[in-house]
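After this come two complexes, each holding subunit A, first together with subunit B and then together with subunit C.
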Partner chain A sequence: MVNDLGQLYTIEGVAAGILMVVTAYLVISTSTVFTPQETHITDMQLEQLGHDALKLVNTPGEDGTLSILNQSIRNNPPVDFKTPFSQLLNSRIHAGDDTLHYNVTLYYRDGNEVKQKQFADDGSGYYRENAVKVTQLVKIGNDASDPDLWDKIILVEALIWRS
Partner chain B sequence: MTMNRKISHENGQLSIDFIIGFTIFMLAFIFVATMISGLLINLQSKTIDYDAVAYRTGVILVEDPGEPYDWHLLDLSVEEDCDNFQRLGLGIARNNPGIIQENKIVKFFDFATSGCSDCDTDQLCYPLDYTGKLIFGDYPYQFNISLQDIDKVDYPTSLSVGEIPPEKYGYMRRVVGIKKPGFAIVDAAIVDNLGYNLTIHIPVEDLYFKSLDQTYKIDPLTEDFNISLKGFLLPDPTFITSVELFKYPGPTSIFIPPNSPTIKIYDESGPYPYPPTRPLNGNPSFLIENGYFVDQNINELSELELRIYFDQLVGHSTTFEIADIAVTPPLTWAVMEVKIW
Partner chain C sequence: MAKLNDDAQWIVMMGFIVSILILFLAIIVAESALVGKTTSESVLEFPKTDIQDIRSMVFQLRWESLTSDPPNDEYKDDIVTLYLNRKNAIVDYTGDPVNKRISIHYYNGITSYNESYEELF
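Coming up: the complex of A and B.
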């Protein structure tokens, strides 16, 4: 037997539908949904800053001299590299220093092999934070302290992330 | 327990009310579902837009020399110069992104505010020139652009243009190298016999092509060039009686105007009045301001001679060569922050 117990009246259905639409609209329009595609904006800022910083340490301060990056690769361990690179990444004008960290690896070709060498990091480990990679090329002569790097073109790759 | 169940013909049937209700729900659901993607674009567009505009502004400032590339030499109170001025940019050249020019920084952060309009004074007009020649777009963006060297030596307080930013804004930070103008130090130790005048030979070609890399180029045409005397023993009082500039072949005399861009004299007390009204305090230096050479039709192939006359025996009787001792200072690093809202 069909009676009106437990039945939804048409007018109530319409009201409920409108209520749902309005609620959904209100919820969506007041909250910011950050979809995975949009993280590239912050990634882009980080990547640009990292690229700027790595390029600056790879630019000689004066004509005819070597860049800080080049000098540090020659004279391992890279003490001369860490401070300026960290400073370039983290300096801000109005707020205090930023919290960017880095880990730099060198890649070079030895015969048919691509070898890699850990170069410098700022002491904080990388635990799969959202990170970007920036690179620069450096040419090393045959006077580096590490004979493995003599006469090599080195790809310097910096992994940069914000903690 | 009876196994006989009365079977109604209406059991298991959907009521018309349920069908209508369900249809409305499905329609509403489909409507909302299709609207969500569009809604998100609207929601996100503002912050994305501001960040994107900040990024674009940063790129134009840091990687572009502007249009024309030597816009900082233009006299913006002259209508023709003002009309030629299309775009701001601090870069030294298109091929050297990330290296900006100190003389452009000076002009960029020196602006007129109240009641200025285009082509009024030889200064940028805030905010008209910045929004029209740097930020672009129809939307009335507000902005704040700041610059400070990392060691806080050149700019102990940051240079800044724009309003105080609100809580939320589009943000871009760049680190750059600042190229400073070239200079030469004329050391008395190299001087052998004294005279009343000091003649300094300035082969612009040799200076200009000393370094082929734009980052280290000594460029007295678009940048300042400073010639300092060092270690000269000046009897007290010593006056500079005249400063003359000649162009070769000739020599033809080049006019030195009283107002900028010109050649300015400094000593330890600051600017030295010319014509002189007081004796020199310490060794003088001569600042050839950016744009002076261009105004006087001197190009990168010109050969010049700067003659400085004293009323005492301090100078050097033979011509002094400047090309070998001229250098550009090392690059300094700076942070630039662009905020748009």
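Coming up: the complex of A and C.
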């Protein structure tokens, strides 16, 4: 016998069923598998932070002076590059420093070929961490201690990674 | 005989409303992961920092080498060669000392950037 009792229960049951199915579908489709290749968001933040830090050490403190990076490439007189750069990369608002590491290389043109010089690293070797590369251009005069770099524009390339 | 019990309809209705609201929130959360990923992909792809660095260096050079007569092409060769070798980008810039005009070109296969700059003093 068909009767019209329990209509509200029927509607509730059907609606709850649809809700559960849709919710399950949403939950399954939302969960993105975060593989090591899918690190765009952290890469972007790391690249931005690294570029800001490198740009800051490549900015003169006041008009008519040279930046820390420029002075330290000239090495005449020697200037500490590692401490300010490391500090800029690793300082955090809350307690404890971040664990960013870096390896900085200089690239310069000699005739038609590009040569490189190791410039600075923080002592921890690079293995297979997810790294980003940030660069700055620096103009060097003819008073640098290394004559290879005289009157050249140098590409300072920093490899930055978090361990 | 079973009788349709119509008590507690408020509770049933509030249950419906709350579950629909949760559904909408779930849709928003589902979108946000995708948006964050695609946004950071496009931020990484666009060579903002390269273009800023080139502009900064060209403007640094404009009085001493770019607009000198003859222009100092050593610096330009440095920038062009370094960007071609290390960043796979084609870069060119020219300066016109008489009209105080600078034009900058950058192309890395995906992004093309061209700028003309003229000083009016």
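As a working rule, the second predicted complex is superposed on the first by the 122 of 163 C-alpha atoms of A that agree within 3 Å, B and C clash if a C-alpha of one lies under 4 Å from a C-alpha of the other, contacts with A are read in each partner's own complex, and residues count from 1 in each chain.
Quick note on the criterion: a contact is a pair of C-beta atoms (placed from the backbone, for glycine too) under 8 Å apart; a residue touches a chain by one contact, two chains touch by 3 or more.
As the structure is a computational prediction, the values presented were derived from the model and not from experiment.
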| message | Contacts for A:Val27 in the overlay, against subunit B (first) and subunit C (second): which applies, first, second, both or neither? | response | second
| query | Of the partners subunit B and subunit C, which touch A:Val114 in the superposed model: first, second, both, neither? | reply | second
| After superposition on the shared chain, which partner residues are touched by A:Leu137: those of subunit B (first), subunit C (second), both, or neither? | second
| task | Go through the superposed model and pick first if A:Ser91 touches only subunit B, second if only subunit C, both, or neither. | result | first
| message | If we overlay the two complexes on their shared chain A, which of subunit B and subunit C does A:Val104 touch? Say first, second, both or neither. | response | neither
| request: Have a look at where A:Glu47 lands relative to subunit B and subunit C in the superposition and call it first, second, both or neither. | output: second
| query | After superposition on the shared chain, which partner residues are touched by A:Leu149: those of subunit B (first), subunit C (second), both, or neither? | reply | neither
| request: Return first, second, both or neither, reflecting whether A:Ile160 touches subunit B, subunit C, both chains, or no partner chain. | output: neither
| query | Hey, what residues of subunit A end up touching subunit B and subunit C alike? | reply | 7-9, 12, 16, 29, 32, 38, 41, 44
| remark: subunit B partner, complex, touching residues on subunit A are 1-2, 7-10, 12-14, 16-18, 20-21, 24-25, 28-29, 32-33, 35, 38, 41, 44-45, 48-49, 52-53, 55-56, 59, 61-63, 84, 87-89, 91-94
| Contact residues on subunit C for subunit A in the complex? | 2-4, 6, 9, 12, 16, 19-20, 22-23, 26-27, 29-30, 33, 36-37, 40-41, 43-44, 49-50, 53-54, 56-57, 60-61, 74-75, 77-79, 81-83, 85-87
| query | Any idea which subunit A residues touch subunit C in the complex? | reply | 5-9, 12, 15-16, 19, 22-23, 26-27, 29-30, 32, 38, 40-41, 43-44, 47, 51, 107-109, 112, 114, 134-137, 139, 151-155, 157
| query | So in the complex, which bits of subunit B are touching subunit A? | reply | 8, 10, 13, 15, 17-18, 20-22, 24-25, 27-29, 31-32, 35-36, 39-40, 43-44, 47-48, 51-52, 55, 58, 62, 98-99, 146-148, 150, 158, 171-177, 211, 213, 215-216, 327-328, 330-331, 333, 335, 337
